[in-house]
Amino acid sequence: MTLLTVKDLTKIFGGLIAVNDVSFDVAKDSVVGLIGPNGAGKTTVFNCITGNYRPEQGVIEFKGADITGMAPNRIVKMGVARTFQSIRLFPRMSALENVLAGRHCRLKSGFLACMLHTPAQRREEKAAIERCMDELEFVGLSHLYADMGGALAYGQQRLLEIARALASDPELLILDEPAGGMNDQETAGLVELISRIRERGVTILLIEHDMRLVMKVCQKLIALEHGALIAQGDAETVRNNPDVITAYLGVDDEKW
Amino acid sequence: MEQFFQQLFNGLAVGGIYALVALGYTMVYGVLKLINFAHGDLFTIGSYLGLTMLVSWNLSGLLPPFLGMLVVFVMVSLFVALIGWALERAAYRPLRNASRLSAVVSALGASIFFENAIMLVYGARVYVYPDFLRPDFVLNIFGVAIPAMRIIVITVTVALMFGLWGFIQRTKMGAAIRAVALDQGAARLMGINVDRVISLVFLIGPALGGAAGLLIGVYYGQIDFTMGWNYGLKAFTAAILGGIGNIPGAMLGGFLLGVTEAFAAAYIAVAWKDAVAFLALILILIIRPTGILGERTADKL
Amino acid sequence: MKRRVFSIVLAGVICVLPLFCNPYWTDVCVSVGLFALLSLSLNVMLGQAGIFNMGHAAFFAVGAYAAAILNTVCQWPIFLTMIPAGIAAGVFALAVARPIIHLRGDYLLVVTIGIVEIVRIALINDVFGLTGGANGIFNISRPSLFGVKIYKGWQFYYLVWGVTAVSMLLFYGLWRSRFGRALNCIKEDDIAAEGCGINVVGYKLAAFSLGAFWAGMAGAIYASKMVTIAPESFNFSESVLLFAAVILSGGSQLGVLCSVFLFFGLPEVLREFSDARMLIFGLAMMAMMIWRPQGLLPPLPRRYRVAAAAGDGKK
């Protein structure tokens, strides 16, 4: 079953075509990788899906509903959560509060309930804290729940961002370079974490430069170059596609 | 028709003064991405310093009138430039790497500081520029009587703008300013001394602002210590109108705002004159925040 | 802990202060209380959500004028006008904020300055023929509570500080809920907040209208205290003072109270320096941003009770 469909997506920045007529599908319960050299337009595709950019052309459908140009927060509520390439935590809020922020859109207490701390509000808050502690546990950060987001180590910050995204009950999780800045050991942990996320029934779409990680976790790959799609299909085929190899050669060949 | 041309020239004269102040906002914004809220008060300092030199030091009496004015003009610009330079060193440079809003708050603090410093030094009353400075003859242009003062102000402001434009476009230092405005990091890598460029901008902008302060004193004849906010906001509106960070934009915006205001005062109501300018500001920010000449840039996520 | 002791002492002092004050000083304390209420309402948007509003006096003015008009034209008792005054200010804030709320901090600041100036000019020009032009509105009646007419200084003192205390409690509840967290997230990083599913525009508008609502209620109290209101009481420098007080406070309610005493109480005590107070505040704003950008008393991190299983990692 198709969870996400991107059709004829085009995004232009002041005359520069960042993404040119890209189409692909993401099937439910799969892990899909978006690859390509720097500046290929991968993050721009992500930002169009998450509603941060409004594409000039094309349609994005999630679970059959058109989400093109919808506000980012509404897209999260529909079940698409994301992490950022340049980590965007709330640095002066605790790890737990960062995850609670991700839980926010699933909480229902209204303005007056919040002001007066009604019993229903307290119950909801308590349940939310438990759920968010579970998410911290899931990524292995529960012992740091009271630490400020900005005080965590780099790899931990990436994990915290994933926990924050998971707290919003996503069906599709979009990870922008999750292994960026991680050491080998942390990357190995991330591979294992991604498979555990998938076991929860969350579909994953990720951008990653570390090809070893990509080949370990992704079933399907989509390759972009200069904003255009050059190959898509199962991981092994795309990896051996001559166009993809040419696109990467001389740019980043040591990563292969 | 007579009134139309009268108001047009009045608007152009005031607009030229706005444009001079707007240049200071726009240049600082260009290199630091900071709204220098204290700039309006530097303008006020210019008009007070000018008054002191003209009246207390009697510079206009000691020298022949034209030469005296010229000396005062240069000295005011120099003094205000030095204050601007010191302001950057004390209040903005320590915050270069802090969040942008910290610098904005610091700028507000500087503005409050300057305004009250002027009040403490000069007292909280309105000052009047000596009358004899204003040439009272009237030029007859195509049958329309235009006071010479307006023509002089327009000429001086346009001359200063052309001077600045030449400096920015033709000299090596001007190129360095343009480079820093485009990309500070890259400019530094190309061997440009960014700190020196920023200091230079904080000399030029306030110098023009101080000169504008002197002109407004001569033109309207009346100054008070709170006027920096009002003219500052108008000039800032002009800078936004033309596209902040854009030098020709500030000039265009200044003239446009001055003329709009003059016409609004003449044809709508004088009492709403200031409201028109602020309404214009709000509308531009809603409809086209990049201004007339500004270019749209994508937010980097 | 130290803060808790300090708040209790402060609350105690505020409770008994009028017993030791002559009418003049009681009056000063009433104004300080009004400014505290106003600063707390500005803190909702500026301190908690990071919305740079420098035109708070505009909402204060709308509330005061709404109360004054309802009282003098429609003969409503002033207490009944408090909520409508708040609503008037809140709706006005919502209407003006809707198109500008997405603007960046520094732009928003300039636009709100424009709004406060436009409001003042509109009041002077007697819009709708209701505001009385430059002279303002006279003969606003004093409030009466349960048949007791409030007109003495100490009565106003307890009225103003009572409202302030209730407001602080309500706001405190808000800060310790998802609402307050959402505002803090927006202050920290609005793009990340949006990416987490927080309706950034909705919450900013909510904070804006809530703060304006409270400022409007403060305006009603002010109108009944002064009996006369005029456009010049709501000028731009009032907004600047409030803005500076909230920025320097750091954003906690206790911090706001402290900076209100510093900004509005201290100059009365040190009369001979009152001319120089703005000079000093200007310097303090610069110095604070350089050496203590988080402000006088930033809010303490919220603490959460978490299940014992995870508690072992607590430091």
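Order as written gives the chain letters A, B and C; numbering starts at 1 within each chain.
Operating definition for what follows: a contact is a pair of C-beta atoms (placed from the backbone, for glycine too) under 8 Å apart; a residue touches a chain by one contact, two chains touch by 3 or more.
Note that the structure is predicted; figures quoted are calculated from it, not measured.
J.: Greatest Cα-centroid separation from chain C: which chain?
T.: Checked the centroid distances; the maximum from chain C is A.
J.: What chain lies closest to the overall centre, CA atoms only?
T.: Measuring from the global C-alpha mean, the nearest chain centre belongs to C.
J.: In whole angstrom, what separates the CA-based centres of chain A and chain B?
T.: Distance between chain centres: 47 Å.
J.: Cα centroid separation between chain B and chain C, in whole Å?
T.: Result: the chain centres lie 33 Å from each other.
J.: Rounded to the nearest whole Å, what is the centre-to-centre distance of chain A and chain C, using the mean of the C-alpha atoms as each centre?
T.: 40
J.: Spell out, as numbers or ranges, the residues of chain A touching 2 or more other chains.
T.: 52, 84
J.: Taking each residue of chain C in turn, which ones touch at least two of the other chains?
T.: Within chain C, the residues that touch at least two other chains are 191.
J.: Which residue numbers or ranges of chain B touch two or more of the other chains?
T.: Correct list: 301.
J.: Mind pulling up the chain C residues that touch chain A in the complex?
T.: 170, 173-174, 176-182, 184-185, 188-189, 191-201, 206, 301-307, 310, 312-315
J.: Considering the complex alone, what residue numbers of chain C touch chain B?
T.: That would be residues 50, 52, 99-100, 103, 105-107, 109-111, 113-115, 117-118, 121-122, 124-125, 191, 236, 240, 243-244, 247, 275-276, 278-279, 281-286, 288-290, 293 of chain C.
J.: Contact residues on chain A for chain C in the complex?
T.: Touching chain C: residues 50, 52, 71-74, 76-77, 81-82, 84, 88-94, 96-97, 100-102, 104-105, 107, 109, 111, 113-117, 121, 125, 128-130, 133, 136-137, 142-148, 164-165, 168 of chain A.
J.: So in the complex, the part of chain B that touches chain C is made up of which residues?
T.: Interface residues on the chain B side: 34-35, 90-91, 94-95, 98-106, 108-117, 119-120, 229, 233, 236, 240, 269, 271-272, 274-275, 278-279, 281-282, 285-286, 289, 301.
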